[in-house]
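Multiple structures follow.
Below, chain A partners chain B and then partners chain C, in two separate complexes.
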Partner chain A sequence: MNLAHRTENGIDIVKLPRQLGMADAADARAALKDIINGGGGRMIIDLSDTEIVDSSGLAVLVGSLQAARKKDGDLYLTGMGNTVRALFELTRLHTVFQIFDDESAALRAWAEA
Partner chain B sequence: MNSGAISILLESDPVEVAGLQARMLSLLAEAGLDPLASFQFACAIIEAVNNCVTHAYLGVGGQPIALSMLTGGERIDVEIRDTGPPLPSELLQPREMPGGEAMSGRGWPIIWQWTDAVSYRREAHENVLTLTRRLESAESPRETQ
Partner chain C sequence: MAGWLCLWPLDDLVESPAYGRIQGLIHEEVVMKVLIIDDAADVRLYVSALLASWGYETLVAASARQGLGLIETTQVQLVVCDWVMPEMSGPELCRTVRATDFGHYVYIVLLTARSDKGDLVEAFNAGADDFVSKPFDAQVLRARLRVGERILALEQRLSEQNRALLESQRSYEQAYAQIQCDLAAAARVQRQMLPRPNAFIAPFRCEWLFMPASQVSGDSFNLFGLTRDLLGFYLFDVSGHGIPAALLSAKLACSLVPTGASHARAVERRFSGPAAFLTQLNDQLADPDAEIESYATVIYGTLDKRSGQCEIVIAGHPRPLVLRRGGALEDIGPGGLPLGMFAGVSYEAHRLSLNAGDRFILYSDGVTECRDPGGLEFGERRFRELLRSCVTVDTSILIGSLGERLRAWRGTTTLDDDVSVMIIEGGGES
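Up next, the complex of A and B:
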């Protein structure tokens, strides 16, 4: 999976594609793991293009969160649309992740962390 | 809303399932669900189809999965058929969402939470799972058949 990735002030910023489901889960998991292992574990995932997520996709995000926290980092989510947010609320993952409206808010939070 | 029946045949391939979700969103919207309800019901359907791929067929590709969507009146019924072994009865009971950082176990709770009814029968060596969503339900009560 080709994820859009850049680094800003030591924060890995990744934009996920439109769909994160069972077909993409293994590749996405591996790509995010590589980024986390190669960086400092401080990450922002931008979901503004992501319209379709299933439980496999959620597991990818949870696994990445755990990997980041093992490096004393964290994984912030941004750009979540109403439908994907509903899935996070149903699964209670909105209480596990720190979720911000946009990337600049997440970057500010990292700067203050 | 539009009344009618639509049949979709898939193979147990994650790539085919990926294509299905976008298609379901469109079909459910055409059937009269609003965008959030379409997303919710499409999620439930995809979780059920994912279960066919990973549990009924244990990840073996090329196996048949048949979807039928029936619209009419005040509800949408989606019937999902596979030829795997019978579903364990404990799966057919509503279950709690797993805890925060669990890596699995969210599929069936999503199915239960975002449908109005779930029914299951075994018919001619096929599993037949039917998911129902009422057209006007936003947050829906559950019923078991």
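Up next, the complex of A and C:
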């Protein structure tokens, strides 16, 4: 899976596609893992294009969070739409992830971290 | 038919370069058989000698009937046949061959003195493959036979490929049928793990709805006895779909029933309430050193049959509801994180008093996320409205109308996600 990926001030910024579901979960997991392994584990995932996340997609995000934290990094989420936000609140995962409105807010948080 | 001329003198036969190769051909490769059908003995003899000199194995027949018999018994595929013969002509033989299934193609070259356009059309329509005009040039006959051989080789390759295709299709069909059969068996096993009409929960009752998205499901729910007075219950949804989710679901269903649950004393020692139990189980399932691949959202709890007191733990699952006898709809929760994601997290229990006529409703997100053909979710609001409209309705009818409503909403028989609903209704004196 080709994810839109760039690096800014040592932070890996990745934009996820419209859908993160069972069909592409394995590919997305591998692609994110490559980015985390190749970088410093400091990461921002932009969900502004992402409308659908199912339970397999959620596992990919949690797995990436765990991988980033294992490298003493973290995974910040930005641009979360209402549907994805509802899923995070339902599963209480909003208490685990750092969630920001947009990329600049997440970058500021990384600068202060 | 006698009276034809060959332009290749008989003397040439023995000197033809092909003649010397005949012996070698016989031993090295399969020699093509050719059937010569002619009522004139001299023609049969001559053509036969000519063909033998080119390396063919020859068979001869003095009539079309005899020729048909030889095609049947020797499986000969290449036929050189005279047009005009008593009883049955060459074109008639062609028609008979085409109407008969010999299990292989028969390539027929007609020998004829006729060259009229109408005759050619008649012979082709009868099923002849080619012609050689009499008097014939031996090299022309030889070239025509080679064409026949090429076409027969093509035909044979095609029929072999067809056979191979049919065989592989058959083996795929067998494998598919086996998988379907196994899935149906797995689905039966899964259904056996759902609540049965149980006497042991009286005076409470349980009604449920289960609509899996595929044959096997990642959702499951059940009730089980913990002690004489205490019931345990769960409803969960394993991440993903299909067979992997179903296997994890079976594993989780076993883990959620404490070992020795039927033995009251063992339970008292091992089971210190649903929150502690789920916290422990989460630590077993979540590997702190690995990244998660799967997890489950769970509602897990106990119900005291004497008092109607419930302890309920929610792990990342849609919050269960209570429809009170008087019509009030209450949310239970919020809960904690999904099970098997993060080691070291703890869960807390919510308490609920389930009185006679109150209904405790546990459901999976397959209900609220059930999409209509336009992609619109059934949603929480419609679900709650339906529940409120059923306050005075018997629980089994409520479950039935929820199932109908979801099927109508969906518009097709296939679902995106498993739908599970379990309702525990309070009984006894009100």
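Following the convention adopted for this analysis, the second predicted complex is superposed on the first by the 113 of 113 C-alpha atoms of A that agree within 3 Å, B and C clash if a C-alpha of one lies under 4 Å from a C-alpha of the other, contacts with A are read in each partner's own complex, and residues count from 1 in each chain.
Keep this in mind: a contact is a pair of C-beta atoms (placed from the backbone, for glycine too) under 8 Å apart; a residue touches a chain by one contact, two chains touch by 3 or more.
What you are looking at is a predicted structure, and each value in this text was computed from that prediction instead of being measured.
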Joint occupancy of chain A by chain B and chain C, clash or fit: clash
Thinking of the overlay built on chain A, is A:55 touched by chain B (first), by chain C (second), by both, or by neither? both
Partner chain in contact with A:104 - chain B first, chain C second, else both or neither: neither
Per-residue touch tally on chain A - higher for chain B or for chain C: B
With the two complexes superposed on chain A, say which partner A:37 touches: chain B (first), chain C (second), both, or neither. neither
Could you look at A:82 and tell me whether it touches chain B, chain C, both or neither (first, second, both, neither)? first
Of the partners chain B and chain C, which touch A:22 in the superposed model: first, second, both, neither? both
When the two structures are overlaid on chain A, which partner does A:95 contact: first (chain B), second (chain C), both, or neither? both
In the overlay, answer first, second, both or neither for which of chain B and chain C A:67 touches. second
Could you name the one stretch of chain C listed in 255-263, 309-317, 327-335 or 345-353 that collides with chain B in the superposition? 309-317
On chain A, the footprints of chain B and chain C overlap at residues 22, 54-56, 58-59, 62-63, 66, 90-93, 95-96
What residues on chain B touch chain A, complex-wise? 14-15, 17-18, 21-22, 25, 35-36, 39-40, 42-43, 46-47, 50, 53-54, 97, 100-104, 106-107, 109-110, 113-114
Sort out for me which residues of chain C touch chain A in the complex. 237, 239-241, 291-295, 297, 316-318, 334-338, 341-342, 365, 417
For chain A, which residues are in contact with chain C within the complex? 22, 25, 54-56, 58-59, 62-64, 66-67, 90-93, 95-96
Write out the stretch or stretches of chain A touching chain B in their complex. 19, 21-24, 52, 54-56, 58-59, 62-63, 65-66, 82-83, 86-87, 90-93, 95-96
